[in-house]
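Order as written gives the chain letters A, B and C; numbering starts at 1 within each chain.
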Amino acid sequence: MIRSERKSYSLREISERFGGEIVGDPDTRIRQVATLENAGPGSIAFLANERYRRQLDNTRASALIVGESMRDATPLPCVVCRDPYAYFAHVSGLLNPPRQAQPGRHASAVIDASASIAEDAEVGPLVVIGRNARIGARSLVGAGSVIGCDVTLGDDVRLHANVTIYDGCMIGSRVILHSGVVIGADGFGIAMSDERWLKVPQIGKVVIANDVEIGANTTIDRGAIDDTVIEEGVKLDNQIQIAHNVHIGAHTAIAACAGVAGSAKIGRYCRIGGASGIVGHLTIADHVEISAHTLVTKSIDKSGTYTGAYPFDANREWRRNAAQLRHLDDLADRVRVLEQKLTQPKRSKS
Amino acid sequence: MIRSERKSYSLREISERFGGEIVGDPDTRIRQVATLENAGPGSIAFLANERYRRQLDNTRASALIVGESMRDATPLPCVVCRDPYAYFAHVSGLLNPPRQAQPGRHASAVIDASASIAEDAEVGPLVVIGRNARIGARSLVGAGSVIGCDVTLGDDVRLHANVTIYDGCMIGSRVILHSGVVIGADGFGIAMSDERWLKVPQIGKVVIANDVEIGANTTIDRGAIDDTVIEEGVKLDNQIQIAHNVHIGAHTAIAACAGVAGSAKIGRYCRIGGASGIVGHLTIADHVEISAHTLVTKSIDKSGTYTGAYPFDANREWRRNAAQLRHLDDLADRVRVLEQKLTQPKRSKS
Amino acid sequence: MIRSERKSYSLREISERFGGEIVGDPDTRIRQVATLENAGPGSIAFLANERYRRQLDNTRASALIVGESMRDATPLPCVVCRDPYAYFAHVSGLLNPPRQAQPGRHASAVIDASASIAEDAEVGPLVVIGRNARIGARSLVGAGSVIGCDVTLGDDVRLHANVTIYDGCMIGSRVILHSGVVIGADGFGIAMSDERWLKVPQIGKVVIANDVEIGANTTIDRGAIDDTVIEEGVKLDNQIQIAHNVHIGAHTAIAACAGVAGSAKIGRYCRIGGASGIVGHLTIADHVEISAHTLVTKSIDKSGTYTGAYPFDANREWRRNAAQLRHLDDLADRVRVLEQKLTQPKRSKS
């Protein structure tokens, strides 16, 4: 329970906002969302997966959000809708609005005189804001964050505590950056010269469009020459690494610990699994799904699901099979020899 | 050598505290622990692995900690004990006590007036502490850390520099959080609605029990609805990602760069290898060991060791074998055909 | 475009500094580097890869850096040289010099009176510098960074914002640390004793030699007893984890998200791919290349390229092949049986 002021809504009010059909008492009042398992009076839970159906019997929720097929599965008041999880997201958003900026600049913040900060923005304690930075309306910069020179933040941006944005990066509106995020550090540009690495200056920036959310400790490097670009509505989980000059298409979602190497171009509406990797300079089509722990080594030009994780096993089984994997090409050769022997038995005897 | 005041202890004093049998002069004085290789006078080293036995000959240590089987392996004074590495840990802990909190609040810290901070706690420079936060006895909050509203820290907690804890999270006693740790950022809860991602508010919190240590830049997300829970004695290395609603059982240890997806439930006394991954909504039994770089895609209900790493090889060999791996199912079919031909030779001729 | 003052240079001046042969007008003036695709007047682009040759036709660059084989590929003024990418790095470094320290200490920094800071060093806002720390000439400590007690930084060091360095660590000259880097957190040293983990104090430090660059959110743990050592010229990308007592040889480069486990010793001039892992206590020779997503489980004593990534595929193909992989040892047995049957046909009939 992290938000202090809470209103309640009747099922009728909820369905007026978000649609759906009410089954049961429309005056049932809802104060908070809950899981089936831990719901109490005044709470609404959802059931999106038949797997959890048996939890219906014991729930103490006051109401449920269910799909058409579950309409009769419970005597509790219900909202019947097409997509219970999305409906639940709407209801939870209504009951748990994000914290609003409290206009003002904390006295301990160090703000360059040339920075332009909206009057209704909130600048938290011990924030640093550089030369010519611009911060839009109702934006909220969390404690300890450091915003470089010439950075722009749009309206209704939320920077949690201890975010770092390097010089020159551009952040759209309604963007959320979680703690430990680093935007615009130098890409990994090095060239070998006379047996030493030479640094290649990274002079591009990072451009993040509207409605992007970026998880804790994720890093997005600035471009080597041109920019690194994150299109609108992209959602990045925690501890993701986006290298220089990557381009991520709108509404793509990437799970935690994934890494995207330099200049890769990812399409729109992709779903990239946790700890997966995309090699540099590849192109991934729209609507591509990459499974967890998969390394994508070639461009993908067709939507679909792609996978490359090693199937885990009890260590003893793994050990036996993995040992053979190191001789698989030989095994295939041996099978070829056997096939030749069996299809040409006479010739081999002659 | 990072600690300033150092006392010395005789082997007799050490064995009185931690047990073990002294072989040689019990008045040998010990000031510090060391490796066999770099030990000098006044230091004690340990030998836990026969592999390093030959290093005994050249060591300049004043004393050794050894197992029963090595009792006669050296003329140096020894403590003979059952588990030399654990014994060494005790001795090193005695000689290198953690830095104690120096009661007081640095003048540069920004502390909400409603926060409740133990008198003997230490609040470092440029710390931010939010509304209604509570900090227990002898706890130490490192420079630049940001502690949200309604956070509780138990007694003897150590936050190193630049830690971030979001609103409402609960941290037990004797917990150590290293720099860059982020506790309680929003879990990755998004629902697709009208071709856009909708944010699902993350209203659970993170609850961390006593005696947990968490490595640098590790992230633990708050629960979506209910809480994310880390039980007592859990040890997490650096750069680990723990997603929303994960539950980690007591005394489980996880190596660096591992990731645990949402709602996974990990048992007690597990050992999870580096860069491994646990898929969401799984259950892992107690005393399970997961090898490095393994992706666990199904629940594990029996203790034991599980592995799924690809065996590495010289690139040329790997290339040949990996190419065949993409045709393994065909190869298995071809072997089946060969087996049929060989077991039914007559019919195939008829 | 992140740097404010910019000079221009003629091709003649450039070739006087960095060599190469000018083809075309040596008075062509260059103000900035650019990609072939987005170049404008006054910019110089490079062509290192024949793949991009067709982009020559449309580029609006004023000049090009090309290899010998491309000498006649364009009518634009060119610098012909042996290694266009390295040459480009030199030119970009000339046109984009790093920001210089502006001598002084920001009033908001919290600096221990015993710290020794060069007069021409720059200490940014809200920095914390501990007891007896030493900061060399022209070094620049970014906003929000925390430097522990007894830390030494050499000359011309650049710490970006929000870097953390624990007590006692030693950083050479011309080192660059990006935001979120944590140097010297405790290694993951734990010993099981009476069914609880015992912390093993980590009393070594981290020693980083000259000309090292470390990417955002990378972590390098202090040694358990002896030190963790990063030799000169090592380049680490973002989100890398270096465990206690690792030793990395000079001029080795490691890509993002890699992890190196405790006490591993990596040679000089190695190239380690992204998200790869090196198991603890291994030794890797000089000039070894490790591919992305590869887990190195044994020491490597010969230079060369080593790989262990699972070849990805469309999910349906992967599923069929991965299922067989779990029976590969059985398949190999079945092939052996077939081979025996075919080579000993008479005996099997007797």
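By our rule, a residue touches a chain if its C-beta (ideal position, glycine included) is under 8 Å from a C-beta of that chain, and two chains touch if they have at least 3 such contacts.
None of the values given here were measured: they were computed from a predicted structure.
Colleague: For the homomeric pair chain A and chain C, should the interface be classed as same or different, according to whether the shared residue numbers exceed half of all numbers used?
Modeller: Different, since most residue numbers here occur in only one copy.
Colleague: Rounded to the nearest 5 degrees, what is the angle of the rotation that puts chain A onto chain B, matching CA atoms?
Modeller: Angle of the fitting rotation, chain A to chain B: 120 degrees.
Colleague: Please work out the Cα centroid separation of chain A and chain C, and write it as a whole number of Å.
Modeller: 25
Colleague: Could you say which residues in chain A touch two or more other chains, in rising order?
Modeller: 108, 126, 144, 162, 180, 217, 239, 257, 275, 309-311, 313, 323, 325, 327-328, 331, 335, 338, 342
Colleague: If we count contacts the way the header does, which residues on chain B are in touch with chain C in the complex?
Modeller: Residue positions touching the partner: 1-3, 32-35, 37-38, 83, 85-86, 88-90, 92-93, 95-96, 98, 106, 108, 124-126, 142-144, 160-162, 176, 178-180, 211, 213, 215-217, 233, 235, 237-239, 251, 253, 255-257, 269, 274-275, 292-293, 309-315, 318-319, 322-323, 325-329, 331-332, 335, 338-339, 342.
Colleague: Note which residues of chain A are touching chain C in the complex, please.
Modeller: 108, 110, 126, 128, 144, 146, 148, 150, 162, 164, 166-168, 180, 182, 185-186, 188-193, 195-201, 203, 205, 217, 219, 221-222, 225-226, 239, 241, 243, 257, 259, 261, 275, 277, 279, 291, 294-297, 304-311, 313, 317, 320-321, 323-325, 327-328, 331, 334-335, 338, 341-342
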